[in-house]
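In the two assemblies presented below, chain A is common to both, partnered first by chain B and then by chain C.
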Partner chain A sequence: MNDFVERRIALRWHAPRRAYDVLIIGGGGHGLATAYYLADRHGITNVAVIEAGYIGSGNSGRNTTIIRANYGIPEAVRFYQHSLELYQTLEEELDCRFMHETKGIMWLAHTETQMRAEGARSLLNLACGAETVMITPLEAKELCPQLDLSGGGRYPVLGASYHPAAATARHDRVVWGYAQGAMRHGVHVAQHTMVTGLQRHGTRVTGVETTSGPISAGVVLSAAGGRVSTIAAHAGVRLPIRTHPLQAFVTNSYDFPFPGIVSDTELLCYVSQTERGQMLVGAEFDAQPSYSQRSSFSFLQSCAAKVTRLLPFMRDLRILRQWTGICDISADFSPIMGQTGVDGFLVTTGWGTWGFKAIPAGGEQMAQLIATGRTPALLEPFRLDRFASDHTMADPGSTGTH
Partner chain B sequence: MTEASRIVVDGRPMPFHPDDSVALAVLRAGEHPHHGGTICLAGDCGNCIAEVDGVAYVRTCQTPCRPGLVMHRHPAVGAPPLHPAVALDTTTPPPARRISVQRSRAEVVVVGAGESGTAAASAAQRQGRSVTLLDGGQGMEVVAIYAGPTVIVRTPGGMAHIQAEEVIVATGAAELHPVCPGNALVGLVTANAAGQLHAAGVDLGVAVAIGSPPEGVPCTPVSGRLRRFEGHARVTAVVTVDDDGGERTTPCDTVILGLGRAPRDVLSRMAEELPVTVVGPAAASFPLPPAPDAGTVCPCSRVDVDDLASVWDRGFQELELVKRATLAGTGTCQGSVCLPHLRAFIAERSGQTPEPFTARPASRQITLAEAAAGVHVDAFRRTALHDEHVSLGARMDRFGGWWRPWHYGDHVAEYWAVREGVSLGDVSTLGKILVSGPDAVESLERLYPVRVADIRSGRSRYALLLDEGGHLIDDGMILRETETRFALTFTSAGAAHAEMWLRDWIDMWGLRVHVLDRTMSLAAVNVTGPLAGRLLERVGLPAPPRFLQHVHAEIAGVPCHVMRLSFTGEVSFELHHDVHRSVELWRALLANGSDLGIVPHGLQALQGLRLEKGHVIVGMDTELDSTPRRLGMDWAVQMDKAEFVGRSALARTAGLPDQRRLVGLTMPGIAPTEGSPIWSDREVVGHVSSSFTSPLLGHAVMLGWLKRAPFPDTVTVDGRAAAVVRPPFYDPEGSRARA
Partner chain C sequence: MWITCPRCGGRPVEEYRFGGEVRGAAAWITDAALRDVDYVWMYDNIEGVTTERWFHGAGCRRWLTIRRDTTTDTIVA
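Presenting the complex of A and B:
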């Protein structure tokens, strides 16, 4: 056996019934967390989560597992800080171990412009309750001794913003932990059940058509990733979303300490170490929108070239696996949560490349919205109708690295 | 035996024969390259991986011996370490190994030079197609097949990137490994490996064979079903079960396993939907092995059947969930060994045989250095004056994709030279696009929110560039040269996008316009300061153009397009000229202005100068959703124009309540840090986008965003009171620029 076999979590499956109070499309982190909080916080247990594949098969199981709150607008900083704090006690709450480890993230800057942007980020974060400070190159080197401060002679490090509360966690287990928590409260989770349409009665959405038959529901929430636009289209809702591939790769496991997360604001890549000692490398999403999960060599090439400039010791590490997720990017790079203007149909989407870190807060707040019918203050800025009312939330902090 | 024919294994010299792989040499010495587990000598499993010449996770059976090669075994438990000097080096990075890349094209790439591969290659050749045959036996390791299809190969000489029209995967089939107690012992070999070892003269000792025995290898066949291997570290006996249930123990030194095969299909599964053909055993279907009931299933990640059963019983009841919950199939061999057994395990419990899990790169591993070989990611442009700046002591910084002078040692002196004397700035990085043709006016009227038709020849106008949402994406000047010919300027960072933007729209509208991007062919020097006109008189321009006029003239003998405008707030002439004449022009200007106190200014001074004038820098003071209204620049939008990009969005949002404004802020004393939050009633209501301690005004000036209406008159920044004012802060009438 290895040290990472899941030994605690137990999952119980159900064939879906014909009707529920709340039906959630998408058995990823957001869908399952919403189901859990509905049941646990609000006593709403007649809930089903339906998943087209297996739970966590979308971006919940493909992301680079970074939890941070160092965003660029106050609304986002507050939301992600809340999520980051929920994560800190979540293992106890969900009775599972997902290897949550606070390790700090540094965002390296190589030019005056980047230094200015990182300085602005740290001041804004501090003002909004998230700790981010500027550090010198030598402090960066102390935190990450493997760093080449000359950036391979081309990208000298001028400084960095440092967000000590950043953490990583094992992504699959967060999904399973929420699934287990929801199932213990009697929530039904059905895998391999794909939505083929939405039931409508008048202007209201009253259920879903699935590959396992129709299911009616008082409220339908789409927590699907990747193809959310097609689901919303069934309700006549047009989402300002484009879907882009996002790639990452991981090396083999090695036994050496790499305690923090290193992110680069110019090279747009980031590196952390998994619990198994693998080096995990990610970058910006692909510029070309697509639903393809095919990986590209150009990504591997450029990412490897960039990251070895910063961390030359990685040159001789071997690449184990490369993969691709697809992420929904909204027109203002911020998530979209809440009512859609169609009664009985809600969405939580636009999770781009920042969905994993938002799972606890997103689930908790969406559950509160469903249970009370009122949009909680943390979600208010992220309503869908912000696009119509011209209150967009363009976040320079989310368009960088993740 | 000489040193020349030895490798070094864990610090000990070890002889090898010609053509030995590293694994074979180690086995020849009676040792195991790892710490146990079935040896296949076919590159399929991870049971022979070791660190070779500083690179861990190398399949030693695929690595030819060469004198002096250094192999270290991985630790028996846990991951291999990095050599401390490498992992924690704080001064010098390891020397970069030079890795060559060969790029080639082939009509057909055949992966695998076995029976089916050679047959497919010959058939393709007979059709007259060019064929590249990749022979694993010759060390050609196929890393992955990407879209294209592009085949990435690790070769003994470096990397090969092959563009193919078709890929034929003829990778054959892999032998099954045994899954039972004791299957991590030393002394277990597949039938094929046994044949190779025997042929190489390796002594197998007392060898017994389970299943189909290899031809020509002396061994004793043992009947019955495999139950377990016995021994401590090395196998000493194999236990089988007869049909009647009786166990039989057969003592031995080596167990040869002919348990069947599974298609070697990682590449073909990776390449689904690509023009890839699979031939031979790689395309065949083989029966799954019996469902395992004990022993190690996944040697790479050390997953036992117990682990599979444990997660299965807790609801992880499909292949992907079992894989993720145990990590089976996520190690070096990426499931090549364990996948058939995992599928058999699940088939037995669920009654359904699952499809294999997704195959992804890398099928054969490469290092990051091998992946990065031949890549150039450091493309930062230099202006024609780069060396001039460096020789003048400039600190160069990257901005907008260019190297630019940040300062020349004293940015305050540079500031005063602009405000009181004359100074040069290298603005070669500006986007410079020529638009001409019968529909030039029409195209620009549709692209820009300002009126273009009434710009007279020889005149210019400042313009915003908006996207369909009415958000600012760039700004610059429109300079009319003739009825049908305009020079446009864009920001340094925005130029590349602006060119695409223009071409896209003009194509879509089907207008008769030529777009010529001259960003790289034209250099530009900004001559600015109250004495700028006097300097230009000296170098050949007795009657400089007036504000917003532009002329073509020779300056110090260099043909220039002279544009009179102002970003600094002082009299400014931008001299656009051929990049090849740039150094000559720059030097002449400096020489002729020496008695005027001329010095060049860098970006740092420029950012302060323009801030005093309240000019925004796109991307610094603007955000992704900044509309002209939010920027206080409605004056630059003619809503009475019939149509322009962004107009409908601006018309729609004009009536909506808005909560954002870019405003000017002033306060006594030193400027707060850029990015500082703006507070009002103890709440963050915005942030400072630019700040500057004005040497001339003697106080701080800022641009900042207020994002909560109603907008207050005074706010708190950096713990101090700041007044919200209307920029510009300096020379609000603009008399100095027009002087």
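Presenting the complex of A and C:
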């Protein structure tokens, strides 16, 4: 993070002490939110967050900032709806403006099959408290006048599911807001401190080895994103996680307002406009696991071909920059939160390509779990042992692209 | 990223389909049921050199095994 930003938002870094009650690996949204809620809701302030790079340098600073709750299974809808509602009041709570803007998301359908899938999704969402309605092509055109309803003659729009509560927010600012909030309560945040191993005593994890020396802790939580498998392996924990690259790009500024977020579950791409007017395009994650954070030209080609068919005005824009994050994708496309079977070691992972929207709820619920020792009802379905007990939360259609 | 197919030569990764890491059952897990759970659900997800299967779908349509460094996406062998 640059000096200007650090001065403006008054972040205070700490050299880590030798021991803490709770130690969180990973200074991204989930790690810092958990630290904030531990301190603010539960009065647990002897907490440290250690980050290998600078805070928000991983997927928290690389996502496409979409907040929505239109998932495909009841447990997930409830969880993300709670997160979406927390986001709506978060600016006041953290006393930090992060440009939260409710703009609505539409998921376009081009086939009868997809129309049925979206119809089912909207009914399930309504039943679980997240407003989603089916709209006609003309209503879609009214919401987004730039849309070509013939899809360039190739992908005609038959309808869409519309989730009006969807929002976007400035992602770095969310991370800084949580960091600031946690620091106000006395939480230590150490940047450029990399975990090289876990300390174990018998069957229990009792601390971490870092590049700044060993730190012992009552509870160690991994909120490390794409590198979670490597960290968990130090504790002998195996995870149903593969680390895949997820790419995105922005164009130069489009001079007209582009309302809402347009997503296409069949073409697997989505478009929104940033606060600076740039058009932000994302798509599905790369097929092969990788830790390289490398972007590809073929990604730009394939996305450009899709979005220019749906939104012809984008032909006149230029690609400004592209980037890649490495995402912890779980085997059933749902997050994994809570105990790992090893005492003193917890994970919040499986955030794949859908973690930004879950930061407030994930942090709040993980803090409650750590403070009380009991798994809150919202987290219960997302325990790691669901794989062994055959209760997986398969929801690829809701998460594969976002 | 390019992968060298023994039949077709070097071709871009888009022609291939990823077929998973090569691994056996986790022999150190003594409970047979838990070993099956591990085999079905858990991944090694190695940050470094892995051995994996790829399918050359848009080429010779045959399988090949490569060793790849996942931190740099370079093919080791």
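Keep this in mind: the second predicted complex is superposed on the first by the 390 of 402 C-alpha atoms of A that agree within 3 Å, B and C clash if a C-alpha of one lies under 4 Å from a C-alpha of the other, contacts with A are read in each partner's own complex, and residues count from 1 in each chain.
By our rule, a residue touches a chain if its C-beta (ideal position, glycine included) is under 8 Å from a C-beta of that chain, and two chains touch if they have at least 3 such contacts.
Note that the structure is a prediction, hence the values are computed from the model and not measured.
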Fit or clash - chain C, chain B, common chain A: fit
Residue contacts on chain A - larger count, chain B or chain C: B
Partner chain(s) touched by A:146 [first = chain B, second = chain C, both, neither]: first
First (chain B), second (chain C), both or neither touched by A:296: both
First (chain B), second (chain C), both or neither touched by A:331: both
CA minimum distance (chain B, chain C), superposed complexes, angstrom: 5
Chain A residues contacted in one complex by chain B, in the other by chain C: 294, 296, 331
Parts of chain B lying in touch with chain A, wherever the complex brings them together: 54-58, 75, 78-82, 84, 86-90, 93-94, 96-97, 144, 146-147, 150, 152, 161, 273, 301-304, 306-307, 310-311, 314-318, 320-321, 324-327, 330-332, 334, 360-362, 365-369, 371-372, 374-378, 397-399, 406, 469, 603-604, 620, 623-625, 653, 656, 658-659, 673-677, 679, 684, 687
Chain A to chain C touching residues, read off their complex: 227, 229-230, 238-243, 287-292, 294, 296, 298, 331, 387-388
Footprint of chain A on chain C - complex, ascending: 1, 12-14, 17-18, 21, 26, 34, 37-38, 41-47, 50, 70-73
Complex contact set, residues of chain A against chain B: 1-2, 4-7, 9-13, 53-57, 61, 74, 110-113, 116-117, 119-124, 127-128, 141, 145-146, 148, 152, 154, 172, 176, 191, 251-256, 266-267, 276-277, 294-297, 300-302, 304-309, 312-323, 331-333, 389-392, 394, 396, 399
